[in-house]
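Across the two complexes that follow, chain A remains constant while its partner is chain B and subsequently chain C.
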Partner chain A sequence: MNEKLVSLRYRYWPDHLLGEILSKRWTETAIPVIVLIAVAIVFSRAIPGFLTPASLADTARQAGEIGFVVLGMSLVIIVGGIDLSVGSMFALTDFCALFCLDILNWPVAAVILVTLAVGGLLGLVNGILIGYFRLRAFITTLITLIVYRAGYDLLILDYSNQIAAAFPDLPSWNFMGGGDLFGVPSVALVYAAVAIFGHVFLTRLRPGWHITAIGGSRRSAYNSGIPVRRTIAQCYLASGVLTAVGALFFAARLGTVGGDIGVGLEVTVLTAAILGGISLGGGKGSVAKALVGTLIVLLITNGLTTLSAPGGVNRMVLAGILLLAAMIDIRWVKNRYRIISKVYVSPTYHAMPPVPSTAADSGTAFALNDRLREVSEIGLGRIEAPEDVILDREDNLYAGSRHGDIIRFFPPDYERMEVYAHIGGQPLGMAFDRRDNLYVCIGGMGLYRITPERKVEKATDETNRSLRSVNDDSRLRLADDLDIADDGRVFFSEATVRYEMHEWPVDGLEARGNGRIVCYDPNANTTRTVLRGLKFPNGVCVAGDGQSILFAETWGCTVKRYWFAGPKTGKVELVLDNLPGYPDNINLASDGNYWLALVGMRCPALDLAWRMPGFRRRMAKRLPIDEWLFPNINTGCVIKFNEQGQVLESLWDLGGVNHPMITSMREHRGHLYLGGIQNNRIGRYKLPGADPDFVQYDVRWGRRA
Partner chain B sequence: MIAAVGHWVDRVLGRGEASTTVPPFDGQLKPNQLLETATVLAELDAPEDLATDGKAVFVANGRTVLRLGAGAPGEIARFDRPVTALCCLPDGGLAVALEGSEVRTLGGVREGRRWETAAGAPLTAVNALAPSADGQSVLATDGSRAQPYERWCHDLMGHGRSGRLIAFDLVGGGERLLADGLAYAFGAAAAGPAVWVSESWRHRLVAIGGPKAGRPVLEGLPAYPSRIAPAAGGGYWLTAFIARTQLVEFVLREPAYCRRMMREVDPRYWIAPRLSSGSTFLEPMQGAHIKTMGILKPWAPPRSYGLVIRLSPEGLPRYALHSRVDGTHHGVVAAVECRGELFVLAKGCRKLLRLSVAAIEQELLP
Partner chain C sequence: MKRPRLTQQNIVFAIFVALFAVFSIFLRGFLSADNMLTLLQNVAVLGILGLGMAVVVIGRGIDISLIASLAVPPGLVLEMVQSGHSLPAALGAALALTLAFGLINGWLVAYAEVPSLFTTLASGLFLAGLGQVAFFQLDVVQWSPALDRLAWLGQGGLAGIPTPVLMFALASAAVALFLRTTRLGGFIYAIGDNPYGARVTGIPTRPVIVLQYVLAALIGAFAGMVMAASVNSMPTRIFNSTLIYDVILVVVLGGIGLSGGRGGVVNVVIGTLLIGTMLNGMTILDVSYSGQNLVKGLVLLVAILTDSFVNPRNEETAQQGDI
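And then the complex of A and B:
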């Protein structure tokens, strides 16, 4: 009963999605967005009319003004610095705009240009000091904050009355201050334009990438040839210009030069940036984050003001939020990968019937024997990790190696060897097509093809992305084994879409159907996924009817049959169930049956653990991977079965002396050739009574003329 | 309340009591292959224990006791039940434990004494015997009151806490309970006024009686200690019959899995330490056990292990002899020193090993 509940819970509750969602980069923006929505809901409940269009327009106007400053600050933070002088620069540029307009009576266009130039100049001072003279950003901008503020105080002493007395009535100036287009305030429009550009700049343009690179690691950026000093200086300059833009709109809206303009602005702006998720450590941030942070801060300050909270409270709340956000930021950046790696692994319920007996006296087809003891070794110590082996019509023997090579051994004694082709990834399953192209599944790379002229070509490395998957599953992660149908279509298995090749034990710990069968059509050059949700699909072999494939599910301990043509198209049927071990590659036998490699054997302790997902989840968290309970792949065997699902015989080597592990086997001229992914040899076993002229690809594609 | 919350936090975060950390074989316990390369003196059918009187070595083998003198091993006693413990008495003769449930004396001046109960409870798993300091009594450890001797693994996985230390009076014939509630008592030795007992499931050697009564002499071992025998140059030989792994520590902290495993799985294939391993693929395998290029790593988590620790008179390790994961001389239950040679009983492979103490010390001591 209890176990039934466990199985239902794991069937219907998608545990694996949490880790997949958290590992998406947009979650870092999603969390501030959720905060923003929560803040909006809270204040709209507390304050009637908080979210009316008029109120929103007003908020948008302020958001625009502060938003420009936040953009500048974000840029500086992303490049790895901080700009505390934004408040003073804001005040100075505000003064500059009004001075030019009211006292010098310049045209608006000139006012804008000069103000931006002044802002740029003020920022440039920071930029030169920090970028070129390499002063500490915090101290430098703290000093310029004081200097600029002092200058501003001196200037307004002389001019504030004159500015206050002036009432310029210029349509363009007024449009900047209070105008709108279809109800959208002018400032918001400009902000939108700048923000869109900023987004493209940061994510798509070279200087934007340089900025992120410098923030991420200044030294690496320098080493890769990025002009670090200049870029940093430019960021401060940009911060000054953006502050000036904000100040221009502010000046146009209010037209005052009060003593408290820009006081404490740096705290507001910093809070907005950090709240939005722009990391104080540098190297991480986006325009969207800056925008969300700005909105949160504005809603809070405006909300508190409407609730007539005193200014001190307002400031204190902001400072509190800043502290909290900075703390979360630090902890998150430090622990993000640890948290994700802890929640990403999500074991599920996987029950199998009790293991069938393999005892020597059990009388089953699986009964232990020592028939493989006579295996002789090919290439001992000269080849590493031959997962699959294959022979061509000229009796040459091919095997993959973990160095990313396809090695060829020459008949008759297979002593001489050469590198047939270099691909670069671990070669797994192999098959020849009608024209003697060698198709190879490469772990981590995809499906590759080696022409008879030894040219390496990529066949495919991606398939269609499934709509219901959170992870992008279009890229092939672990193409495993393949076979080729009569029309040339290649059917291959991808063992898991959630892990890389070397992480296969983690997939075994999960025991979820993470794998799939993919079809590559060389005629149309298309790749489509045909079956999903398989438990580590591994060996693939076209069945005798030419309309279906047999495939093995390693963790499922089953062999299934899938029809890709004919009356049963699309159907999947079970061929072998509840195997005593973990099935791997499948290949043709000379008598029309099939060879199947069992790469490892089931053990009762793991079978039980597979029925207790919580146990495995905690094990994954508490223990290092070397200590995990693993599927036992130190001992394996070869079995022969037919399409009716009968196991006919098994070949074992108990001691595992000559050939410790078996992931594949290939019959050729009366011998069985054995591959093993953890081996440093290829095994060769003389099959008693087998057809001495059997050549797989003569049978498959017809004897060549 | 606070303690309960603390335990819960520990369980969630894997800290404190819930921590599965196992100390490494390091310092004085640094691994070597001395036990693996030791001379094999004899292969036996069912060896259980060793004893010596300084002249010859006695071996408990199945229902018999063998004497290893100068010549071939000779049988000196035969019983109707398996012998589970053996010791030589100071004034001649032997004491033996039969099937863990009876202690008898044999030969010498104390011939024919028998005990079947202690403190009103029957003996269940007497696994080690040793003479007391004054020679007037024989010390016995009764591993568990719940599980018989051969089911020690059930006691470990069932969190057994019922081991006892008993002194049987050779003169008067009475008995005295020295300690109770031990997490599997396996091996004792007199050390001055105190008795040192191996408390296996707590991975420590604890002092009973004497000035430091109840305090650990040696703790935080990476293995489960078993019998202790005095060494000729002062100090002791401590054997460890199985070693700890993080996976077993973890399973011990997973009551649901542990219960189901004990109910549904054959004990031979449990996630639990064994005296020997590697004979079948039905045993659980851990990540580091994968044979790569035909090699099993010696530092992989030990399902079975061979270890003898030489202790100083204060109980501190001086050096250790190992047979590592890739070896076979595992499950060492007893070691005795006789005429400058160390005799080691590896129950896992049923072999009696011999090493020269002088040669060991020359190699291991600076």
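And then the complex of A and C:
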């Protein structure tokens, strides 16, 4: 009864979502957004009409002006610097715009261009000094702050009266200052356009990634060939231009050159950036954060002004919120990964019937024997981690290696070897198609294809994104094994969508159906997920009818059958249940039956633990990872079964001297070739009574003429 | 014999000497004793503030809130005495405020791990706002006669040397002794040089960081008292000025790197002298305030540019997060 409740609770309560939501990048912005909402609620309660369209439009106008400056500052902070001179640049570009308009009487378009150019120039000075001459950003922009401000003060001494006396009445200029489209202020429209571009730029374009990379680690960025100096200089230049944009709108709105314009602006802008969660030191930040920070600062200052609070209160509130937000944000960023690592692993209930006996005298098909003791070794010490082995029609033997290569051994004795192709990731399952292309599942990379000319091509590394998944499951994380249907479609298993390849034991600890079967159609070049929610699907083999595949679920200890064609299309049927071990690859046997590797044997402790999700959760939270309970993969065997689900025989090696572990096997010309992901050799076993002319791909694709 | 190396400190010192020589030759009245004393008197408060900043910067931090400590606690003393409180009560309140302020700053930096730039930016704003709201009636707090017992802090002089200069000398000596001879001073250098290394070797890094900010606040308040006594009032709007930037320039130009662990009181004195000489010379030349700032900025720029050529940094040697 109690266990029934546990099983229901773990079936319907999505424990895994919390960890997946927390590991989303956007949750980094969660705290600033919550602060923004809280601020908005507090002020809308305290001030009637605080959130009316008119008031919002006014806020938006100021937000736009400061927002541009914050964007520039954010860019500079992300690249690992700081720009204190924005206030003075703001004042100077404001002066420049009004000087060109009021005194030189230039057309608006020219004014805009010249002002932007001046802003860029001022920023470029910073950029050259900091980017190319490697001066410290803080002290350099501090000095330019003083220099620019002094320049501005000297200039307005001569021209402020003339500018104050001029009243330019140009429709386009007025539109910039006070116009709107459908109630949205002009500045907000421009800001939105720039912000959207900025977002795409930072997250999707190469230069944006360069900026983040430099901020994250300048040295690594330099060593990987990114033009560090130029990029940094460009960021300061962009900061100058963006400041000029803000100043242009400010000039159009107010048209003044007072002595205190831009004084202390750098503090406001810095406050906005840090409130938004852009961390000083670089490498982290986004346009959304800059926007949120700007809005918080403006809502607070405007709200307090409306409440006619004295300037001191204004300062205290702003400072208090800055400190509080910085404190929470720093704690959050610092501990987020710790929290995620604690909550990400979410075990579920997984009950299995009592394990069938494998005792030597049990009389079952699993009875222990020593038939594999006579296995001979191929490539001993010369190959590492051959998860799968395969033979082509010319009797060449192929195996993957941990170094990211496909190794080829030459017949007849398989002593001579060569690197057949270098791929770069660890090759797992392999299969030849009709045209002798070798399809390989690469852990962490996806499905690749090696043509007979040894050209490595990517077949696919993504599938359709499922709507209900929080994790982005479009990328293939752990493509495991594959087989190819008669029409050329490739069916391959992806063992888990929640973990990377080296974390596969953790997926076993969860025992949730995290895996799936994916179909790649080379004719249409499409990839679709066909089955989800499988418990570590592993081996895949097209069945004798050509309309279905057999696949093994490692943690489910089952072999199932999925019809992709014919009358039963889409149906899934159980073939083997309650295996005594964890099934791995499945392959064709010469007598029409199937070979199945059991990579490890079940043990009562893990079977019991799988029925106690709470226990496993506590284990994952409280113990270091190397003390967790993991599935055993020390010993295993090869079994043969038929399509009716009967196990016919099993091949064991109790000593495990010649071939310690088994993840895969291929029958070829009367021999069984064995692969093991932790081995440094390939095993070769002479099958008594097997067809000495059996070649898998002659059977599958027909003998070549 | 050690060859003198072209460090930033030496470059700045050379510029100072050159500037001093040029002014002495071409500016009438520059080299007079009176002018020298005026020069020193004008930058004494800046120098004292520079000492406070130096303590923090050597420990790899920065204290933007120094101007708030300069303005608010001394302002509080003046205000309380003005409104009839006794002098000890006023001093006690101001001392408590200063200590609390330093402790909060230090706690935020050391324990809450908020970057010092933001901590002190915000806390300075907060203290200034607090002063405006809770303490001061007017922007300028007047020196009341009841305070004359403290007038020696800024008024008069000894053997012709104005008191603020003496106070600067006194504070320099005290800070130099603290930094160079006490164990805590050594700890500050160690933390500034390599905070993680310092922690691993068993130095109580967090309490020492708190101590830095407490010291900075106390020195700031001391500078404020000296200033108030010498000008007979406390203009609390000084917080809005760019004085803090001058303080940072004094420290950095003198050769105390913002990355911590380097430099000492000598550097502060050199930086102060350079700024003082420049400002004084330009005042005699009757350059406007903005013009002075412009020239000051350009000279500083030349100084750090020269440094960057003589002691180049590149992508390999630059420290991460080193702004």
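In this section, the second predicted complex is superposed on the first by the 410 of 705 C-alpha atoms of A that agree within 3 Å, B and C clash if a C-alpha of one lies under 4 Å from a C-alpha of the other, contacts with A are read in each partner's own complex, and residues count from 1 in each chain.
As a working rule, contacts are C-beta pairs under 8 Å (C-beta built on N, C-alpha and C of every residue); 3 or more make two chains touch, one makes a residue touch a chain.
As the structure is a computational prediction, the values presented were derived from the model and not from experiment.
Visitor: Residues of chain A touched by chain B versus by chain C: which partner has the larger set?
Guide: Comparing chain B with chain C, the partner touching more chain A residues is C.
Visitor: Output check: A:603 vs chain B and chain C. Expected answer is one of first, second, both, neither. What do you get?
Guide: first
Visitor: Looking at A:311 after the superposition, I want to know if it touches chain B, chain C, both of them or none. Which is it: first, second, both, neither?
Guide: After superposing on A, A:311 lies in contact with chain C but is clear of chain B.
Visitor: Check the residue A:384 against both partner chains and state whether it touches chain B (first), chain C (second), both, or neither.
Guide: First partner only.
Visitor: Please work out whether A:208 is in contact with chain B alone, chain C alone, both, or neither, and reply first, second, both or neither.
Guide: The answer is neither, since A:208 touches no partner chain.
Visitor: Regarding the shared-chain residue A:129, is it in contact with chain B (first), chain C (second), both, or neither?
Guide: It touches chain C, and chain B stays clear.
Visitor: Counting only touches as set out at the top, which of chain B and chain C does A:544 meet: first, second, both, neither?
Guide: A:544 contacts neither chain B nor chain C.
Visitor: Going by the contact rule set out at the top, does A:319 touch chain B (first), chain C (second), both, or neither?
Guide: A:319 sits against chain C, while chain B stays out of touch.
Visitor: Which partner chains sit in contact with A:630 here, chain B, chain C, both or neither? Use first/second/both/neither.
Guide: first
Visitor: Is A:612 in contact with chain B, with chain C, with both, or with neither (first, second, both, neither)?
Guide: first
Visitor: Which part of chain C faces chain A closely enough to touch in the complex?
Guide: 108, 112-115, 117-119, 121-126, 128-134, 240, 242, 245, 248-249, 252, 258, 288-294, 296-298, 300-301, 304-305, 308-309, 312-316, 318, 320-323
Visitor: For chain B, which residues count as touching chain A in their complex?
Guide: 14, 20, 245-247, 250, 254, 256-257, 260-261, 264-266, 269-271, 281-294, 296, 300-301
Visitor: Going by the contact rule set out above, which residues of chain A touch chain C in the complex?
Guide: By the definition above, chain A touches chain C via 80-82, 129, 133-140, 142-147, 149-151, 153-154, 157, 217-219, 221-223, 228, 263-264, 267, 270-271, 274, 280-282, 310-316, 318-320, 322-323, 326-327, 330-331, 334.
Visitor: Over in the complex, which chain A residues touch chain B? Could you list them?
Guide: Residues 355, 384, 505, 600-601, 603-606, 608-609, 612, 614-615, 618-619, 621-635, 656, 660-661, 678-680.
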